[in-house]
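In what follows, chain A forms one complex with chain B and a second complex with chain C.
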Partner chain A sequence: MTDTTQTPKKGQDFESALDKSDKNVAAFERKSKGMVDGLQHLLHLNPTLVPVMVLVASVLIFSLPMVTDGKFMTMFNLSLVMQQVSIIGILAAAQSLIILTAGIDLSVGALMIFSAVVMGLLGVNLGVPTFISLIAGFVVAIGGGLMNGLFVTRVKLPPFIVTLGTWYIFLSILRLLTGSQSIRSQDIDAEAAALKIFGSYISIGSARITFGVILMIVVFAVLWYFLNKTAWGRHVYAIGDDKEAAELAGIKTDRTLLTVYMAAGAVVGVAAWASIGRVGSISPNAFAEANLQSITAVVIGGISLFGGRGSILGPLFGALIVGIFESGLRLAGLDVQWQVFAIGWLIILAVAIDQWIRKVSA
Partner chain B sequence: MTQPIIKARGLVKRYGRVTALNQADFDLMPGEILAVIGDNGAGKSSLIKAISGAVQIDEGSIELDGKPINFRTPLDARNAGIETVYQTLALSPALSIVDNMFVGREIRKQGIMGKYFKMLDNKEMARIAREKLNDLGLMTIQNINQAVETLSGGQRQGISVARAAAFGSKVIILDEPTAALGVKESRKVLELIQEVRSRGIPIVLISHNMPHVFEVADRIHVHRLGSRLCVIDPKDHSMSDAVAYMTGAKVPDQVEMA
Partner chain C sequence: MKTTFTKTALLCMTAAGFVSLASGANAAAHSVSACLITKTDINPFFVKMKEGAEAKAEELGITLNSYAGKIDGDVETQIAAVETCIAAGAKGILITPSDGAALMPIITQAREAGALVIALDTPFEPATVADATFATDNFKAGVLIGEWAAAKMGDTSNAKIAMLDLNPSEVSVDYLRNNGFLQGFGVDIKDPTDIGDEDDARIVGNDVTNGNEEGGRTAMENLMQMDSGINVVYTINEPAAAGAYEALKSFGMEDQALIVSVDGGCPGVQNVKEGVIGATSMQFPLLMASMGIEAIAAFAADGTKPQNTEGLDFFNTGVELVTDEPVEGIPSITSDEALEKCWG
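Moving on to the complex of A and B:
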């Protein structure tokens, strides 16, 4: 809107001076804006560049012979890292959906165990057909998401509080159901082997690609499609960006939010099934830190905790960064606590960068 | 006599013990620019929100094209052809210009990809967005895929007006469109308003800026204490008359009522 081409006869008197006015828009000297500014703009357009750069850098450093003695950069080790991050990766995908809407889900880990326990109790202990027990597990996961979503949209409670509450609720129910007893691996094999299908693998050279790893990639690909290529995805971003504006612009925000929570629940169900294959048994006490780890992967992956920004692929890289640090530092002979130390700094750095790139404008 | 496009009678809206609308009437004629003025707290916003579906009235009736309407959400009003440009603009800053223009009414691809995989037709949306912005002379905005947060205040206002003009088939409501803008940008928006009116779409303009109101409005609806005080013709009244009516310093002649 820079050119002002009105005729003198319309407009206010004082505006007639506009005809002779300087038509340039206020601009600062571009000279002072150097690389830092260019970087800020670049990251504003592609927030996922940060995790990608960290991922590439960490892979390169851990591949150096003097660091890990060549033990890191092997097909076997890299495929092992993929296996290790697969469950947290899938959970992080679910978490991303919630965080993109400017929410947070503290209950994903507990809901995953809850769903896995239901699959196991029905399929193994009660001898229900595996197919039915899987459906029941998914009903629990989607129902849990729906419950969170209803409290957020209908009762208008903050997602943090809702999911803190349901985290306790899901944990207590699953412990009551199992009596805190694990379901043993050999029992699963005997009664419902299909529950462990995602632990199976195909070997390519020394690499072991489990079905769980493939599943994780499929989950991210599907979510990427929905978030980037459909109207639903646009609405998810718009709601996270500014819910009130989205509502006024004609999005049914509460209905969309409800579908987001249910979709996250469905992804949690996928994670539950995959976790049985990954661990082998079903333990009510497994994945105690999964909630926080999923949030960690999302934040390191460059999705803004304030919603509306970031790519769904970021958390995949975020989860991989965590796995690579763990593997690399262990192979380098360092205490694993250094990995925890490094992840702590990465989280702070990631949020600091998010704040910084938000300030870019014009 | 031509029938009003929007005809509201006896609107009442209470918030607790506060009465925002007290038996308010409202008429919008085809093809006109109707300015709504009133002091702070007079109930302008509530009146406009009632028409645009953002609030539900407690009593009264609203007719659109002679048919009674009862909007429960802004989306209902939008589907009926009433577009509102809110003072806050209702744009998503991180989304692009095109995404913002089509938010809530995205176009899907033809065929299987659109029907079963719900894939968006970004090319078509970009084409229409470019066309609409061009129509309104807003194509100084170079890249329609840039994020709205990188635009200036006037440009954002332009996007919001263009969005309303592109889809508002019956009525466009503008809430304080020039309040946050500088002299040049205000001029551009006023031109935009006249451009939209020249296509025959009636406009409701809420504004505190008397020079702007008197320049573009065909009729001025003066709102006071929750109801319509009078409707005046800007050619027959001065700005100080209008200010006097809306603040209660002067009472309009009975003849001009309704």
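Moving on to the complex of A and C:
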């Protein structure tokens, strides 16, 4: 080709129109890769980034003197928020396991209370050694998980339906067992004080770190290890992403799913023990919305409800965001309803962001 | 094969469960039948009420069918239960309405069908929707603990009051006890049907507990964050009070505050005995239910209907103050006496 710049008119007449056309070669659109797309890609790679940013932002906003008059940003209050979210946090860890496999578990809260009630009835009312009543509580929790898992994998029922059913079943059994009567804090102290071990705390300055809070962090750390550093963990993600493909790749999907439900049950048992320390007594009527609260924490924590995507650490931040919002809005003097209102919007926002991130082009 | 076996085993388990349910539900035929419809089956108060009704029905030879909503506020289940009772030709219906206004049309139908309808514990709005109401005077229950707390403190000008209420719906039992307590304590309550409209600076704040220990503890922690000097704690019921005590104990401040409550459940009375709760107002669910069954028996025999207590639009089944630190001028019983009468 000759130099085109010096001869503006070249070739035949009908080709002259081509001069005005785009000279670029076919390529992926790059122009629009501005801030927004960069962000979309970044979030696609690090789904936990959203909850972390929301958490930091909400802490900063509620710390402003004009919002909470300095009552929010104290070590004591922040450690109190940690205590208040610890049980829902641990339940959210169990819930995450199920949701990562594209399932959902409506029975976690009821199973937790069921397990705690068994621990209390045996250890306090019947005078069974605490160690044995704890084991019985864990057997109930893991057995409940196994029951869910069997119905999902063997009878092939959808997890939503199975756990909707077992939610009612667990609730009714625990109410029949207790007559809906609480086991008193003072009786637990006298008969089986070890049930309340997770209510004990260590003081760091004015902050109070209960063993329950430490336990919550340990639970997340252990699950993070298993999900990210073991074959089992990769299988869990693979099943959640595409069960058929995982099956074809040689993963024993049903067996893995069953272990996931049992592991979730074990974590629920941990939550049950911790809840006795947190509440002080064992109440069959407490934590009525724990199943929905745990799902809320998971969703706000950036784990996809469609399975296979998100970090196990997300729900920890999700639970903390909810706790920070509740504490902050309350200390700002707003009506209880505004806390509920804010959490509702957080959920919708979190899922909207999840959907948007999914649309990212490879 | 293995899968088929597991499936069969699961199905058998399920089937066995239903058979055992069904075998417990057969009932003998009697001439007079009555219905008891409670708000839920999860509150020991209603569990006790059911026991009282069943015992009395057994004694008088009345067939009693019991129904309950799934949760507080579950109107649909209660409406369906009333429909079942009408269809079954029940002579009388005892009901603790979850929502007095929503149940009005169906209750009117039941009365037109010839049934005696008695509201237990919670009045309809207006109370005349039912033939009669047997209930605790919840405002009076609040007044008793309010007066006790004020008398116990002596000088109430330095009081810092935490109000631990039921839930955000502000149902009648919630505002009656709340405002009763405040009036008894000497606070200007403004609107007696509204919670939190008071402007008395001694009130630190209101928070909701859902009437259980977990909610009571969290609510108390929250109010302590507003003002750590709280020295009077009103609670909607004794489980909430137990939770509030746990919160105070975790702050090492359990001796700084007087906790008062309402109900008279056995664990609550035990907590009065052990000094966790200063005073509680006891109500009598068993009495409400057994009197209700007696009223239905009388109505079935000769058509007589029960009368209201003089000056009230309901029959007051009574309330008694339980405390081990009695104050002059307020009649009370000790926790030991109360343990004989407590419910749950």
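Everything below uses one rule, namely that the second predicted complex is superposed on the first by the 336 of 362 C-alpha atoms of A that agree within 3 Å, B and C clash if a C-alpha of one lies under 4 Å from a C-alpha of the other, contacts with A are read in each partner's own complex, and residues count from 1 in each chain.
Everything that follows uses one rule, which is that a contact is a pair of C-beta atoms (placed from the backbone, for glycine too) under 8 Å apart; a residue touches a chain by one contact, two chains touch by 3 or more.
Remember, predicted model here, so these are calculated numbers, not experimental data.
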After lining up the shared chain so the two structures overlap, which partner does A:N77 touch, if you call chain B first and chain C second: first, second, both or neither?
-> second
For A:R234, select first, second, both or neither according to whether it touches chain B, chain C, the two together, or no partner.
-> first
Once the shared chain is lined up, is A:A246 touching chain B (first), chain C (second), both, or neither of them?
-> first
Could you look at A:P284 and tell me whether it touches chain B, chain C, both or neither (first, second, both, neither)?
-> second
First (chain B), second (chain C), both or neither touched by A:Q355 | neither
A:N46 contacts which: chain B (first), chain C (second), both, neither?
-> neither
Regarding the shared-chain residue A:V336, is it in contact with chain B (first), chain C (second), both, or neither?
-> second
Once the complexes are superposed, what residues of chain A are shared between the chain B interface and the chain C interface?
-> none
Touching chain B in the complex: which residues of chain A?
-> 1-4, 6, 10-12, 14-15, 18, 21, 25, 44, 225, 229-232, 234-235, 237-238, 241-242, 244-252, 308-309, 360-362
Can you check the complex and tell me which residues of chain B touch chain A?
-> 54, 73-75, 78, 84, 86, 88-95, 99-100, 103-106, 108, 117-120, 138, 140-141, 147, 149-152, 154-155, 158, 183-185, 187-188, 190-191, 211, 215
Chain A-touching residues of chain C, taken from the complex the two chains share = 3, 6-7, 10, 41-44, 47, 71, 168, 207-208, 210-215, 217-218, 221-222, 225-226, 239, 242-243, 245-246, 249-250, 265-267, 270-271, 274, 276, 344
Per the touch rule above, chain A residues touching chain C in the complex are 71, 77, 80, 84, 150-151, 154-155, 175, 179-182, 184-186, 199, 201, 208, 275, 278-281, 283-288, 327, 330-331, 336-337
